[in-house]
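Shared between the two complexes below is chain A, which pairs with chain B and chain C, respectively.
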Partner chain A sequence: MPAYSEMLDGFTRQRGVQGGLVVSERDGIVVDSQVQLGVRASVVAALAASIYRKARLSAEAAGLGGVAYVELAATEGRLCMVGRGDLVVVLITDNRSSVGLLRGALLQVAETLA
Partner chain B sequence: MTVAVVERWVETPLRHFVQDAQVTLALLLTPSGQVLGQHGFNRAMDVMAACALAAAIHASSAELGKLLEGKPFAGLHHAGATRQIFLAPAETRRGTLLCLTVFDDATSIGIVQLYFGELRDRLAAGAPSARTTPPAVLADSFEQDLNRNLTLLFRR
Partner chain C sequence: MPDEIRRWSEELARDPASMVFVPLGDALRRRGQLDPALKVATRGLERHPYDADAHDLLARIHADRGDMERAMDEWGAALRVAPHHAGALKGMGFACFQNGRAAEAERYLVAAVGADPGDPTIDAALSRLRAPQSGTNGASTDVGATSHTPTDAPTDAPIDAPTASASAFAGGTADARDVFSDLLGDGEQTALLLDAHGYVLAGAYVVADGRDVAQDVGGALSGVSDEAHRAMRHLGLGEWSSIVFETEVASVAMAPVAQDEEIAIALVAAARTVPLGLVRRLLRRVTERGASWLAGGAGQAGAGR
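So, the complex of A and B:
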């Protein structure tokens, strides 16, 4: 998946980004990933895909339409997610990251996800 | 949530697994097909059939893995249209156990694999000491043990 690698490479060069993953929303398994040592990509993938899916279903149930962007703020960083079809892009960031820029870039990437 | 077990030490690990992974059916069994614990089944007959099939599938896929990779496959996943199954072994001091689980769209194979890892660790940590003599693959008392285990699981 060279297209995903290039895209993930672009994200992981950003300040504060500890890793990026492309995950199957239905299966919760990694399609492609670039993460720092110590990040358990398969665990993050399974749980993040589950969170994204539940957020999408919640938005639909509330009559809000599809999910554009999901962000989970933790004490030491964030999980930022966008999806299209069955694919979800997940970024793992620490508190130094520029969330606004990442959000914009993720939304652009979502348009191009196959 | 109901979890029924034949041996007490598998109850907590199996209960955690069912709760965390949100699976609809779960079976813990020996490679010969003797049930140790279950969640989600209503009839002893279904448990018996599922155990026999799971044991046979595991034996076949393990041999296939040995042929292809020189070692048994770590797990088997089959995705159906609405439901999926996952079958994988867990090593304990009491020997290998198999976990067969069925799940739907409420969870995912990634989540099931994640919590199966925890189940495997909990079983390994909680297993009592090994038997002095390993049980025969198909012991003379197999049918008697099978009936006893099924009765224990479905006693009212």
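So, the complex of A and C:
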């Protein structure tokens, strides 16, 4: 079982979570993923990694320190992201999800990322 | 634009030696498709190693990828082929500015004016470069006090000077910098309005040592709106409405602002002590003000107030 499958499995069982990925921030490559049929994990991974990287770079430019949590919200769902080192955990959620709980769980997971 | 890309791609397939790779590569770059743009430019340069426009194109792609060293190499190559190439002179000016080499930046920009006297963005950039460094302006904040040097600036700012921007390097007039002042009060918060390319349209981001890092922040966020749109479209989750990120010392929130056919971005940053709900409320007000200001004619200070 890949290193992150258990963690992703825990998230994707949550209400409103449509999928989860672990991606490399540097090149947007999927390290591990559990996404619904029809979702091209590679596309989401590349875009999410880039958005996370831009958030991190803008925070650096403003002297705001490291980025802990990034949330991209849309009318019908959101991407929730945490990162550490080169790895970013991305959750794809719809509007039924409990974002506050997911945020807390993601921040805990970030502490354990290698 | 997609039609043009298709047409140019077909033309290049028919005639691999065609110079159409230059507009094709630039169109791909402007759409954020940097990998295919890089392939097109590299292959084109293999066939046309002494074409200044091709070197300029490759330099812009490297710059958009954040590789300013290679970008400067390519602009240098363009200038060896065509010493008065306006794009390369402008690009070198931008790169030197980003690296804190103000004197060199000015020299390149002065030469760029001579090469292309009709480009108002170069004049604006020169004015900005020559302007005395201003301190705080009422829209400033000490959120994120920093000691980094100009060379820390992110390097993926686009090189094109978009028409909506008053300046290639930093946004607009002193009045434009003051558009959000009354919304911010005296708290530890700041607000910016960025165009789709990450250039500053209004607001300021002054850190504790007095430097305005707005353009650095904008440059780092260049293209983020397009990526958010593409991600949400791919996932079928509707239009993106906000990006919020939390850092060690601050919360930053962004939202799209309609600007003609492009999307500008309103950005608010506040200390972590400010509740996120208040940050979101401030973002809504800044977004409304930004939209109103743009609709009323950007650059006319206070038009949206």
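FYI, the second predicted complex is superposed on the first by the 112 of 114 C-alpha atoms of A that agree within 3 Å, B and C clash if a C-alpha of one lies under 4 Å from a C-alpha of the other, contacts with A are read in each partner's own complex, and residues count from 1 in each chain.
Rule of thumb we're sticking to: a residue touches a chain if its C-beta (ideal position, glycine included) is under 8 Å from a C-beta of that chain, and two chains touch if they have at least 3 such contacts.
Bear in mind that the values here come from a model prediction, so they are computed numbers and not experimental data.
Asks: Output check: A:Val67 vs chain B and chain C. Expected answer is one of first, second, both, neither. What do you get?
Replies: In the superposition, A:Val67 contacts chain C only.
Asks: Report the partner of chain A that touches more of its residues: chain B or chain C.
Replies: C
Asks: Once chain A of both complexes is superposed, is A:Asp27 in touch with chain B (first), chain C (second), both, or neither?
Replies: In the superposition, A:Asp27 contacts chain B only.
Asks: Of the partners chain B and chain C, which touch A:Val39 in the superposed model: first, second, both, neither?
Replies: In the superposition, A:Val39 touches chain C alone.
Asks: I'd like to know which partner A:Leu47 touches here: chain B for first, chain C for second, both or neither.
Replies: both
Asks: Who does A:Ser58 touch here: chain B (first), chain C (second), both, or neither?
Replies: second
Asks: Using the touch definition from the top, say if A:Glu76 reaches chain B (first), chain C (second), both or neither.
Replies: It touches chain C, and chain B stays clear.
Asks: From the superposed pair, tell me which chain A residues show up as contacts to chain B and also as contacts to chain C.
Replies: Comparing the two interfaces on chain A, one with chain B and one with chain C, the shared residues are 43, 47, 50.
Asks: Report the residues of chain C in contact with chain A in the complex, numbered from low to high.
Replies: Contact set of chain C toward chain A: 143-148, 152-154, 156, 205, 207, 213, 216-217, 219-224, 227-228, 230-232, 234-250, 252, 269.
Asks: Applying the document's contact rule, which stretches of chain A touch chain B when the two form their complex?
Replies: Against chain B, the touching part of chain A is residues 23-24, 26-29, 42-43, 45-47, 49-50, 53.
Asks: Flag every residue of chain B that touches chain A in the complex, lowest number first.
Replies: Residue positions touching the partner: 79, 105, 107-111, 113-114.
Asks: For chain A, which residues are in contact with chain C within the complex?
Replies: 18, 39-40, 43-44, 47-48, 50-51, 54-55, 57-79, 92, 94
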